[in-house]
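First up is the structure itself, then whatever we jot down about it.
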Amino acid sequence: MLQQAEIRRVLEAALLASPEPVSIQRMLRLFGPGELPEANPRQAVKSALAEIEFDLEGHGYRLRQVASGYRFQVRQELSPWISRLWEEKPPRYSRALLETLALIAYRQPVTRGDIEQVRGVSVSPNIMRTLLERGWIRSVGHREVPGRPALYGTTNTFLDYFDLANLEELPPLAEIHALITPAEDDDGENDAAPMAEEIHDTFETELEEDAESGLENVVPLPTVDR
Amino acid sequence: MLQQAEIRRVLEAALLASPEPVSIQRMLRLFGPGELPEANPRQAVKSALAEIEFDLEGHGYRLRQVASGYRFQVRQELSPWISRLWEEKPPRYSRALLETLALIAYRQPVTRGDIEQVRGVSVSPNIMRTLLERGWIRSVGHREVPGRPALYGTTNTFLDYFDLANLEELPPLAEIHALITPAEDDDGENDAAPMAEEIHDTFETELEEDAESGLENVVPLPTVDR
Amino acid sequence: MSDDEGRVTRLDAERRKRRGGSVVAIVGERVVDELPTDLYIPPDALEVILETFEGPLDLLLYLIRRQNLDILEVQVAEITDQYMRYIELMSALRLTLAGEYLAMAATLAEIKSRLLLPRPVDDEDEEGDPRAELIRRLQEYERIRDAAERLADLPRLERDVFPAGAEPPELVTAHPPPAVELKELMLAMADVLHRANLNRHHAVQFEALSVRERMTSMLARVNAASRFLPLEEFFSPQEGKHGIIVSFLAVLELHREGLIDLVQHRAFAPIYLRAAS
């Protein structure tokens, strides 16, 4: 069996050598029979990762868990220096693309028709193609209505790209004020917004809390018409 | 002016973020005016690099100077583990090969003809070659009939691989018969085929019972007629 | 999500502009601070402004927010008039005007006319407000628009997040042979035995037919041969017990039917057979 220090060395080397995030599953497969403690190999890997993370305190990079696994990444506060390594500007995305992506992320699974309904304009095929080519969205099935339109959802590649571990980490959607109750605070900012119910398990709990605290004006999200 | 520790953090981040080696020249350009000691900026960078190198003692990667600059590199001795990141999953053996191996293990010594007789189909020479190359079977003699076919048996390598001390440790055929008993009333369907897990569990339990009872319940195989 | 302060993105700027901030558009070197109320705008500047709208809902939201109104307090008549003027401008500038803009104009006009009509007193609930559906759509779109802005602000690869990597070592290419577990071997054996059992059943079932078949082939051999053939030539050990029994039955049957002659010179001597003469 390998020493804990040995396991750490292998893991940090693997994290650096791999061009994409490494899942625990894949880390476990790096070791041969008998190299990890048989009782709980996963635990051994996890505690080695915890040690690695701890040791990087004060260094220029850190261990981060994103959707498809773990990766080392440069600390955010060093970005101003590090971005000087690249001459080219990072790609920019149009509002149309970002709105489409946001709809797919928050309302998945959705069809192109759903997206058009909310945005009020037709979705250009180019946008869908770009999103598919970047691997950010994928077709997850079809809605059983005439024409069987494709349903889209986001991928782990999308989450990895935006430095997210899961959909719950997406910024919360804004709150909606009911028409009958004039909004108390209407400065146009949407700060204390609850999570969208589709993406957050605790939404119902929060609703209950809201009801208790007298915040009567939280209404359920309007659903995308089908 | 940045602290020495700050300079180190920026440099290690840059070395890790850059896809290619980073020259001292390029490192110097990462810093804004006044961030490096004006007297000898190059010296500041170099001593930060020396510190980084020193600190990586005992880690899975190290700082290395190559022609076009510096880069981090995973230590060569970790190659056996790291290589597994790119390893394809090993293919699986065919049903035919496993059945052939099982027959040789339980019915040794046997000829290829014997195996074909029981399996009802011919045994491909590839299968025999694979088993011979893997060192799991060997020719132990010839049957004195026309053509003098080779008789095969298993090897110590076979026993070692399956973690058996000797052939008696193979699960007795009684258990295997027990597995197929449900199908004995036989409508020609294999529907009652138990799951692998269940089978495994059955084996273990029954193996223990066997050990206690001195393997009394071993039933003779249906013999292959010669 | 860690610190994202200090990062100013294009969308930040855009958001500021929408929420009554300073910059509306930059045309060449000139910064256009506000949409002139008299609607006289240098045509190329207006084009830039109008083109930034992502559709009728986006334009409507802009008009509402420009008056610092809450969506819920929309003055439909007022907004409709403004909207129409923008639409006219857009078509005057020959901007490709999506059909959705015109559809929205029709919707607004309809709501406006319904609001002008006297309403029954008891029709006070939300259902009765013709603005309800429009407001619902505006709110829904605004949420997604805000979500898109936040998405754009998230730290992301290529811009804010830089994954760390190092040169991998020289790889050892190993092609591990397939792994086999003992239980797989057991399963394979179980299958073989199971199939062997099935075969036995079938053999018994089709025995009669086998005998007929064997008789035919034996007869063919006997007839082709111009001499006596030793009986044991018809018994092949490879065929196993069943085969031998089938052959034996076939010989008896052929003899009974008078198709062959059996010859034995003395007791325990080899038996020969030949075609019946």
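As written, the chain order gives the labels A, B and C, with residue 1 at the start of each chain.
Definition applied: a contact is a pair of C-beta atoms (placed from the backbone, for glycine too) under 8 Å apart; a residue touches a chain by one contact, two chains touch by 3 or more.
On a predicted model such as this, the values are computed, not experimentally measured, just so you know.
Among the remaining chains, those touching chain A and also chain C are B. Centroid distances built from C-alpha atoms place B farthest away from chain C. Between the CA-based centres of chain A and chain C the separation comes to 20 Å, rounded to the whole angstrom. With centres taken as mean Cα positions, chain C sits 31 Å from chain B.
Each of the following residues of chain B touches two or more other chains: 13, 16-17, 61, 72, 74-75, 78, 82, 85. Counting partner chains per residue, chain C has residues 162-169 touching two or more of them.
By the touch rule above, chain C contacts chain B in their complex via residues 162-180, 182-201, 237-243. In the complex of the two chains, the chain B residues touching chain C come out as 13, 16-17, 19, 61, 64, 71-80, 82-83, 85-87, 90-93, 95, 98-99, 101-103, 105-106, 113, 117-120, 134, 145, 161-164, 171, 173, 175-177, 179-180, 183-184, 186, 188, 190, 196, 199-200, 203, 222, 224-226. Here chain B touches chain A in the complex through residues 5, 8-14, 16-18, 22, 26, 29-31, 58-61, 72, 74-75, 78, 81-82, 84-85, going by the rule given at the top. Put simply, chain C touches chain A in their complex at residues 1-4, 10-11, 14, 19, 52, 54-58, 65, 70-73, 98, 100, 104, 125-126, 129, 131-132, 135-137, 139-152, 154-169.
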